[in-house]
Amino acid sequence: MRVDLPTFRAHTRAALADQLLQQSIENASGNFSDGREKALGDLPDSEALRDQLKLIRAATLANLTEHLEEFERNATAAGVVVHWAQDASEACEIVIALAKERGISQVVKTKSMVSEEIQLNSALEGAGIRPVETDLGEWIVQLAAEPPSHIIAPAVHKTKEQVADLFSDELGRSVEADIAALTAAARDALRGDFLSAQMGITGGNILVAESGTLVLVTNEGNGRMVTSLPPVHVAVVGIEKVVPSWEQAEVWLSLLSRSATGQPLSIYTNLITGPARPGELDGPQEVHLVLLDNQRSSYLGTQFEEMFGCIRCGACLNVCPVYTKVGGHAYRSPYSGPMGAVLTPLLFGKGQFSALPQASTLCGACLDVCPVRIDLPRMLLQLREEQVEAGRLPWLGVWVERAAAWVMTKPKLYRMLSLLARKFGGTRLAKLFIPFPIPEISQQTFHQLWKSRELEE
Amino acid sequence: MSARQEILNRIRAAAHPAPSILPLKPPIYANDLVTRFVTALEAAKGKAHLADNLEQAWEILRHRLESIQARRVVVSDQAPLKEVDLPAIFPEIEVSIARGDFKTVQKLCLAADVGLTNAQAGLAQTGSVVIHAGAGLSRQVSLLPDVHFVLLPAALLVPDLITWESVRPSQMPSQVLIISGPSKTADIEQTLVVGAHGPKRFEVILYGQR
Amino acid sequence: MAKTKVYLFTTCMVDQVYPQVGVAVVRLLRKVGAEVIYPADQVCCGQPFFNSGFTKEAKNLAEQNIDLLQDADAVVIPSGSCTAMIRVEYPKLFAQQPALLEKAKQLAAKTYELTEFLNNFLEILPLSEPNSRGAVTYHDSCHMCRHLKLRDEPRTLLQSSGFSIQEMEQSDRCCGFGGVFFTRMPELSHAMAQQKLNRATESGAEVVVTADPGCLMRMQLDSDGKQTIKHIAELLDEALRCE
C-alpha cells in the first residue's frame, strides 16, 4: 500500500464527488461533536480531568516496562494467559494457534482497531477460521468487504438502503430499509453465532496493572456476549493501553465515552479479571491476552511517544476539516483523521504513507478536543520535517520552496523581483505553470505604497 | 530471545523520568444522588423507580412485570431475590431461579423475557449499576432476556465512577459490569436504536433510605 | 511624552496581494497615537516554510526578523497566523540556542496581532452607534483563535465600529488555506473554502470578515463575486474615515 500525494488527491476527488458520503460524514461528525461538548459540559471540571489524563498517560509511557510487568503478574495470578507479539504476524499466529489447538473453526468478534491493524480477519480466513464481526457497524462493513471508515463508527459511510441490500443478500430474505428493522435483523441473525461460538475475540480499551484487569467498553451488548458465552476469550491489545491503578483508569473512563460518543459512560463497561472462577455458573474457562507491540516500542522515548497516549475516542476525526470532507477510507488505514495521519506512517511506514502528514491544514482543532491533549499538529510538523530531510517529497516542490526561502532572506532581491514581476505581467505568466489557483498580485506592493504620498503623515 | 524479552528490553531502554501526577481536586457534586441517578439513567433510555422499602420494591416490580406482560422471569440466585416467595408475589408469572450448569441456565435465560438481578453499587452521575460476577451467579441472567430489572438499595449509590474507587472490591471479581442503560446502537446513519444485542429494556428499582 | 514606536510587520501576503490592508493598518495605528515604523527589510515571518517541514529555512528567516524588529516598543501584525509564528513558534525554534532564545522571547513578548493591539484603545477608535453599519460575519482563523486565543478582540472592535455581527455556523472551522496545504491538496482546500463561504452566506451577513490575509485569499479565490470578503483592517478603516 502506497498513499503518496497524487494517490491521496485521487481519493480526495472521489470522496468529494460522493454526495451520500459527504452527507453522512457531515451528519455523523456533527452529532458526535455536539454530544461530546454536552457530555463534557456535564462534568464539574472536565479541563482539570483532561490535564490529569494527559499526565497519567505521559507518566505511564515513561515507565511502561514496570507497568506491563505488573499487569502481567496480576493478570497471570487471576488466571489469564499472557502472550507477547512483536508484530502483526506474530499476533495473528498466536490467535490462530489458540483456535487450531482447540479445533475451533468459527469465532465471534467485537470491534477492535488493533484487530484491523494486524488484519486479523484475513489471517483467520487464510487459516480456515471464519470470523464473525458482531458490532452492528463492523458486521455491515464485513458484509460489504470494506474496512471501517471511522474508529468508533465503522459504517458511518453507509446509508440504510445500502445496509438493507447487504443484509438481504446475507440473510437470503428481503430486509426493509428501516433502521430499527435492520438492527433487529442483526440481533436475530447473530444470536445463534454468539450461542454456538467456541471462541470470542476482542480488543481492549484499558489494561489495569494493579489488578490485571482488561476493560472493554461497548454499547450493543455484543462485547458481553463475546466475553461471557464462548469458553475461550482472546483479547488482542496494544502494549500502550496499560494504566497503573484503578484510580487512574477511572479518570480515563470518565473521559473516554464522553469524548467518543458523548455518553457519560458507554452502556456496558466490562471489567474482566481472568476467566470464570470456581462456582460461577458461566463465563469463559480460558482468557488469553495478546500484548501487541507492532512498532510501538520503537517510538517510546522519541518525539512521537506522545502519540501512544491516544485512547482511540475519535474526537479528533469529528472536528477535522480534512477528515470530515474525505472520510476514513481515503487514508487507506484503519486509523484515519488527525490521529491516523500521525499514527499510520509510524506503524505502517513513513515512506508508504507520505501523503498523510500533508493531509492537514494544521488548524489545531484536533488538539482542542483531544481528551489527552495530544499535540497532533506538532507531530504532523515533525513528520513533515523528516520528509524534507529524507527527500520524500517531489523534488520540484522542494526546490521551489528552498529557492523561495532563499529569496526571502535577501530583502533587496525580494523587492527587486517584486518590481520585475509587476513589470512582466504580474501573475499571468505564473498561472501558466502553477497547478493550483493563485491570486492576482497587486499593482503596487506595500513597500511601494509606504513610500507614496498616500501614507505621508 | 523471546518476543516478551525483546519488547521489554526495547521499552526499558526508552524509559525516562516521568512527570508527576497532581491529585485531582475533589469535584463538587449535587447532594441529591438519587435525583441525579434517575435523570442520568433516563437520559440513557433506562428507567428508574423509587421505593421506600423492599416491600414497596416488590410491589413496583409486580406492577412493572404486569404492564410489560412478562410471562417468564429468571432470577439471579442471590439475596434478597431468592429469599422471598416470588411465585406468591407474582402469581401470574413463571419464576425460576438461575441454578444449575451452564446449559441449564442458558436455557432458562433464553426462555425468559425478564432477568432480575441485584447490583453491588450505583453511580449517580452516570445512572449506572455495578454488578459483580461471583460463585453461584450467572452472567446470562442480565444478558439474554429482552428485559433486565435490577434491585438496588439506594444506600449503595456513590457519586460517580471516580468515587466508586472507595467501594471497589479490593480483590476484583472475574467480571465487574457497569451497566448504564438498555443496549443500544447508532451504527446506521447515526440513528439511535434501543435494543441491539443485549436487553432492550433496562429498569432499576432503588429502594430504602439513603 | 514620546509616542509608542510601533513596528509594522505587514506580512508578505499583504505586501504582494493586499497592500490596501497595510494602508488601512497604518491609518488605524496612527489614529491610536502610535509612531508607525515600517522596516523596509522585512519579508516573511517564515511560517510557510516552517509548516511544510523546512525548519532550517524557517529558522534563517526567524533570525533575520528577530534582528530587524528588536528595537520596537511593539510589533503589530495584521495576521493572526504570522503573529502566532513569531509569538508561539520562534521561541520553540531556538529552544536549544540560549542567546537566540532570549531574543526570541523578548520579541514574542512585544508582538501583537492587530485587533489585539487595537483593543487597548477602544476609547479612541471609531465608536459608532451600535448597528449603524452593516451586518458582517467573522471568520475565526485557526492560529488566531487557537494559538493566540483571540476570539473576542476582533468582534469587540467590529461592534464598537458600528457593525453588527451575524455569526456563521462553526466560525472557527478552517477555511482550507493552511499555507502549503492549499498548494498540495487544492481540491480539498477548495471544498473547505466552499463550505466556509456557504456557511457565511447562510449567516445572512453582507460581508465576510477575517483578520488573516491567508484566509482572505483562500475565500476570495472561491468567492463567486457575490460575496464581499474583507480584512478587518479595511472595515475598521472605513468606519474611521466616515467618522
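Labels for the chains are A, B and C, by order of writing; each one numbers its residues from 1.
As a convention for this text, a contact is a pair of C-beta atoms (placed from the backbone, for glycine too) under 8 Å apart; a residue touches a chain by one contact, two chains touch by 3 or more.
What you see is a predicted model; the values in this text were computed from it and never measured.
Peer 1: Using mean Cα positions as chain centres, tell me which chain lies farthest from subunit A.
Peer 2: Comparing chain centres, C lies farthest from subunit A.
Peer 1: If you tally contacts for every chain pair, which pair is highest?
Peer 2: Chain pair with the maximum contact count: A-B.
Peer 1: Taking the mean of the CA coordinates per chain, how far is subunit B from subunit C in Å?
Peer 2: Distance between chain centres: 54 Å.
Peer 1: What whole-number Å value describes the gap between the mean CA coordinates of subunit A and subunit B?
Peer 2: Inter-chain centre distance comes to 30 Å.
Peer 1: Would you mind pulling out the distance in Å between where the CA atoms of subunit A average out and where those of subunit C do?
Peer 2: Spacing between the chain centres: roughly 34 Å.
Peer 1: Which of the residues in subunit C come into contact with subunit A in the complex?
Peer 2: The contact residues of subunit C facing subunit A are 10, 12, 14-20, 22-23, 26, 30, 38, 40-44, 46, 48-55, 57-58, 60-61, 64, 142-143, 146-147, 172-174, 176-192, 195, 217, 220-221.
Peer 1: Using the touch definition from the top, list the residues of subunit A that touch subunit C in their complex.
Peer 2: 5, 8-9, 12-13, 16, 321-322, 325-326, 358-365, 367-368, 381, 383-389, 393, 397, 401-402, 404-406, 408-409, 411-412, 414-415, 418, 435-442, 444-450, 454-455, 457
Peer 1: Under the definition above, what is the set of subunit B residues touching subunit A in their complex?
Peer 2: That would be residues 2-4, 6-8, 10-22, 24-25, 27-29, 40, 44, 98-102, 105-106, 123, 125-128, 133-140, 143, 160-162, 164-165, 168, 172-191, 193, 195-199 of subunit B.
Peer 1: Which residues of subunit A touch subunit B in their complex?
Peer 2: 24, 27-28, 31, 42-45, 48-49, 51-52, 55-56, 58-60, 62-65, 68-69, 78, 84-86, 90, 134-137, 140, 153-156, 158-160, 163, 179-180, 182-184, 186-187, 190-191, 194-195, 211-213, 219-222, 224-225, 227-229, 239, 246-248, 250-251, 253-254, 261, 263-283, 291, 293, 297-298, 300-302, 305
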